[in-house]
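Structure incoming, see below.
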Amino acid sequence: MKSDLTHLDEKKRPKMVDVGVKEETERIAVASGIIEVTPEAFEAVKNETTKKGAVLHTAVIAAIMGAKRTPDLIPMCHPLLLTSINCDVEELPNLPGFKLIVTCKLKGRTGVEMEALTGVSIGLLTIYDMLKAIDKGMVIKNIQLERKSGGKSGDFVR
Amino acid sequence: MKSDLTHLDEKKRPKMVDVGVKEETERIAVASGIIEVTPEAFEAVKNETTKKGAVLHTAVIAAIMGAKRTPDLIPMCHPLLLTSINCDVEELPNLPGFKLIVTCKLKGRTGVEMEALTGVSIGLLTIYDMLKAIDKGMVIKNIQLERKSGGKSGDFVR
Amino acid sequence: MKSDLTHLDEKKRPKMVDVGVKEETERIAVASGIIEVTPEAFEAVKNETTKKGAVLHTAVIAAIMGAKRTPDLIPMCHPLLLTSINCDVEELPNLPGFKLIVTCKLKGRTGVEMEALTGVSIGLLTIYDMLKAIDKGMVIKNIQLERKSGGKSGDFVR
Amino acid sequence: MKSDLTHLDEKKRPKMVDVGVKEETERIAVASGIIEVTPEAFEAVKNETTKKGAVLHTAVIAAIMGAKRTPDLIPMCHPLLLTSINCDVEELPNLPGFKLIVTCKLKGRTGVEMEALTGVSIGLLTIYDMLKAIDKGMVIKNIQLERKSGGKSGDFVR
Amino acid sequence: MKSDLTHLDEKKRPKMVDVGVKEETERIAVASGIIEVTPEAFEAVKNETTKKGAVLHTAVIAAIMGAKRTPDLIPMCHPLLLTSINCDVEELPNLPGFKLIVTCKLKGRTGVEMEALTGVSIGLLTIYDMLKAIDKGMVIKNIQLERKSGGKSGDFVR
Amino acid sequence: MKSDLTHLDEKKRPKMVDVGVKEETERIAVASGIIEVTPEAFEAVKNETTKKGAVLHTAVIAAIMGAKRTPDLIPMCHPLLLTSINCDVEELPNLPGFKLIVTCKLKGRTGVEMEALTGVSIGLLTIYDMLKAIDKGMVIKNIQLERKSGGKSGDFVR
């Protein structure tokens, strides 16, 4: 079995892979993740949601800003020029918890799934931060790629 | 039920809460998270681990650097002077996957769980990035606080 | 007349002045600034305010995050550990426009007026950004220190 | 009246708008702003100007570096590749004060007025910082777009 | 003799030069530098190298991340989209010391030698940091451009 | 021979060492470095120096800002609150070239030599950047610690 660890050179040193040979195409990635909270914390956000939505709103802004910081945070990620970042939040009353979905777009030479996943992670951490005085047992889970298109390796749908 | 959303002021505007009145104490937080990967990806890391450990090593460095960036990323987090950051990685051959544990310490006025959780998130995203050419179905999960001590609100152990 | 340009050394080179000799005290600074907009833009924010307040909310978050970035942006500013950042927004229907007030606190060796002023500036620029599709003639004005306390040089009230 | 708050989606959540459909054109924006200071502070800068210009020089560098940081600071701004940043400073002896003018250029898909305005703001804050030991009553004002060209919505001249 | 200080305008103010008129070409730069250490420190790295290579590995990651931060650090550098960053480390047993070589690539309008040189500098500082408990006399030297191609001014080979 | 690679844990993973047990003391570090340039480039800076000193002035500002960014750049460096940063530049007409000296101070738990060395490196790279249109053969050399005081391990003087 040959595994293609593309971020390591022949001496097993990390490298930022050469994408200069790739074509500029329209690339889209959608990632999602969930934060599971107590019923008390869920209600606190929901009540506040019906008024001003400050917790979820702050999370969305943090997700957008976090997605833009991806190449500063993930060592082998290329700097790139996201053309669009979009977030959605779903209430999951049965868990209870919240699902954050981040969509990133680019006209460029490399995929944007890391940007979408980083946005999701930072957004969920922001919800965690704003609820931690109420709930210390929260769990962030199921951070995953939902779908991806535009790359040479073909489209992906979970 | 009164819920204490401490990051919102009386007009529901976000604020960075005042920690100036808190005492400087030794604070420790331990967080962990898991990335679930395919057997093929697991083997690729393990083989490479026995040589130079580049993937997990890169993740540890990204986790440490990410933990330091927490106040830049999480809007309501205070800037603070972490005195120590320590990582551990466990192989989970049955999942298969990897567990990343980050411990942060501070002599200061506010807890460091967000720093530990951010470190875990960035570290796991780094593993994801370095394996995504092999495995597009990876899932990051169970990002959670393991234990915390040193604050006014008492110690926490999961 | 002798003017004390404290940020220049005897060769007129910039320096970050030595605050190591100053005492750690509780320092507070309040700064404010105004953005003047068209009646149409004012109404757009107000209508939206009665629902979710997204524009002003985003500005508050950007102000808080911007205040934390001050030492990265203003060359001679010291890194410091803000203990509190608080924002308020006033509607000015007669201008029309909005006034943003940022309060920063610190237990430390140097004043925090630059942090409060930077927060105000970034917050107002964020309002500008979100309204610029409606109004290209907006003006940001009256960015100023309102009051300051805790330093050796005595309190200041405008 | 329909107001086009382009940075909010249909649920009033902030988003980074999609510029992928826009064409790459040469875009230029010029912004300016003023800092009003005491005659004493004005003289201090001028005297020093005739020698080495350290205050205004530092402000120009901070403005250039600040313009480059715009997407890190303004939540909904796109990352972009400024091709040119140019500053000019005018002495305003009658105010007294200083006017800072920043010109940004780009070959890209979105306008650069936020970059020019952010550069102006950071530059003026830098002058404030370097003069605040002499003058605590300074006011930053009239931060505004002077002209803009290259976008789909037509040129703007104040 | 006319010297072309391209980063200064006619008033001797710094500027970020206009590269909008330059063509997008494939640009490559290779830079290198050396850190001279004591035999004891050299052996400590080498021993550890044969196991996990943590010091040199960390330096390579820091070099890659540092190269990406160049426009944040060097005031007049343009933001740009590096398509590839590659590092190599040579052991110099006779010095003793280590040589770090960084190669950067870009499809763009400006050269990437500053990115390669910044990567080398940050990488060598990282080795310094990790060895400084053993050796306080280390010297970083010979940071220089090795070769460069793709620009209008012709290729350079040292 | 036992070598104390303090930044690696028992599994050879990098860590940010625990400085919480160290005492807060006044710490000072002085570092220096040299850039060797052609006579033509040396004259270009000197001529301009006698007027406005833009190249060396820009280097000093970049050095100060770079020193503040050290924990963002060097993976295992602690965040800390520099209380003072001071630069000096010496002309070396015989080399020809320039020597940059950076002095950093802190009241804290860890030494500041990395901050001084990073400041020197970024400052010299800035001179390089501003002269590279004239001189492609420049060499940065002799980046080294000059002296250090205030730590548990005793003072160091080169």
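In this document, chain identifiers A, B, C, D, E and F correspond to the written order of the chains, with residue numbering beginning at 1 in each.
Keep in mind that, in the parts below, a residue touches a chain if its C-beta (ideal position, glycine included) is under 8 Å from a C-beta of that chain, and two chains touch if they have at least 3 such contacts.
The structure displayed is predicted, hence computed values, not measured ones.
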Task: For chain F, the least number of touch steps when starting out from chain C - done: 1
- [ ] Name whichever of C-D, C-F or B-E reuses the B-C interface, so over half of the contact pairs are the same residue numbers.
- [x] C-F
Open item on the list: Do chain B and chain E, two copies of one chain sequence, contact each other through the same residue numbers, with over half in common, or through different ones?
Closed with: same
Task: Chain at maximum distance from chain D, centres defined as averaged CA atoms - done: B
- [ ] Report the inter-chain centroid distance for chain A and chain C in whole angstrom, where each centroid is the mean of the CA atoms.
- [x] 30
- [ ] Enumerate the residues of chain A that touch no fewer than two other chains.
- [x] 13-14, 52, 54, 57-58, 61-62, 65, 69, 72, 75-76, 79-81
- [ ] Write out all the pairs of touching chains, ordered by chain label.
- [x] A-B, A-C, A-D, A-E, B-C, B-E, B-F, C-D, C-F, D-E, D-F, E-F
- [ ] Using the touch rule from the top, collect the residues of chain E that touch chain D in their complex.
- [x] 9, 11, 13-20, 71-72, 75-76, 78-81, 108-109
TODO: Please give the residue numbers of chain B that touch chain A in the complex, ascending.
DONE: 1, 3-8, 12-14, 33, 40-41, 43-44, 47-48, 51-52, 54-55, 58, 61-62, 65-66, 69, 72-77, 113-114, 117-118, 121-122, 125-126, 128-134, 136-145, 148, 156, 158
Task: List of chain E residues in touch with chain A within their complex - done: 26, 57, 60-61, 64-65, 68-69, 79-89, 105-107
Open item on the list: Quick check on the complex: what are the chain B residues that touch chain E?
Closed with: 52-54, 57-58, 61-62, 65
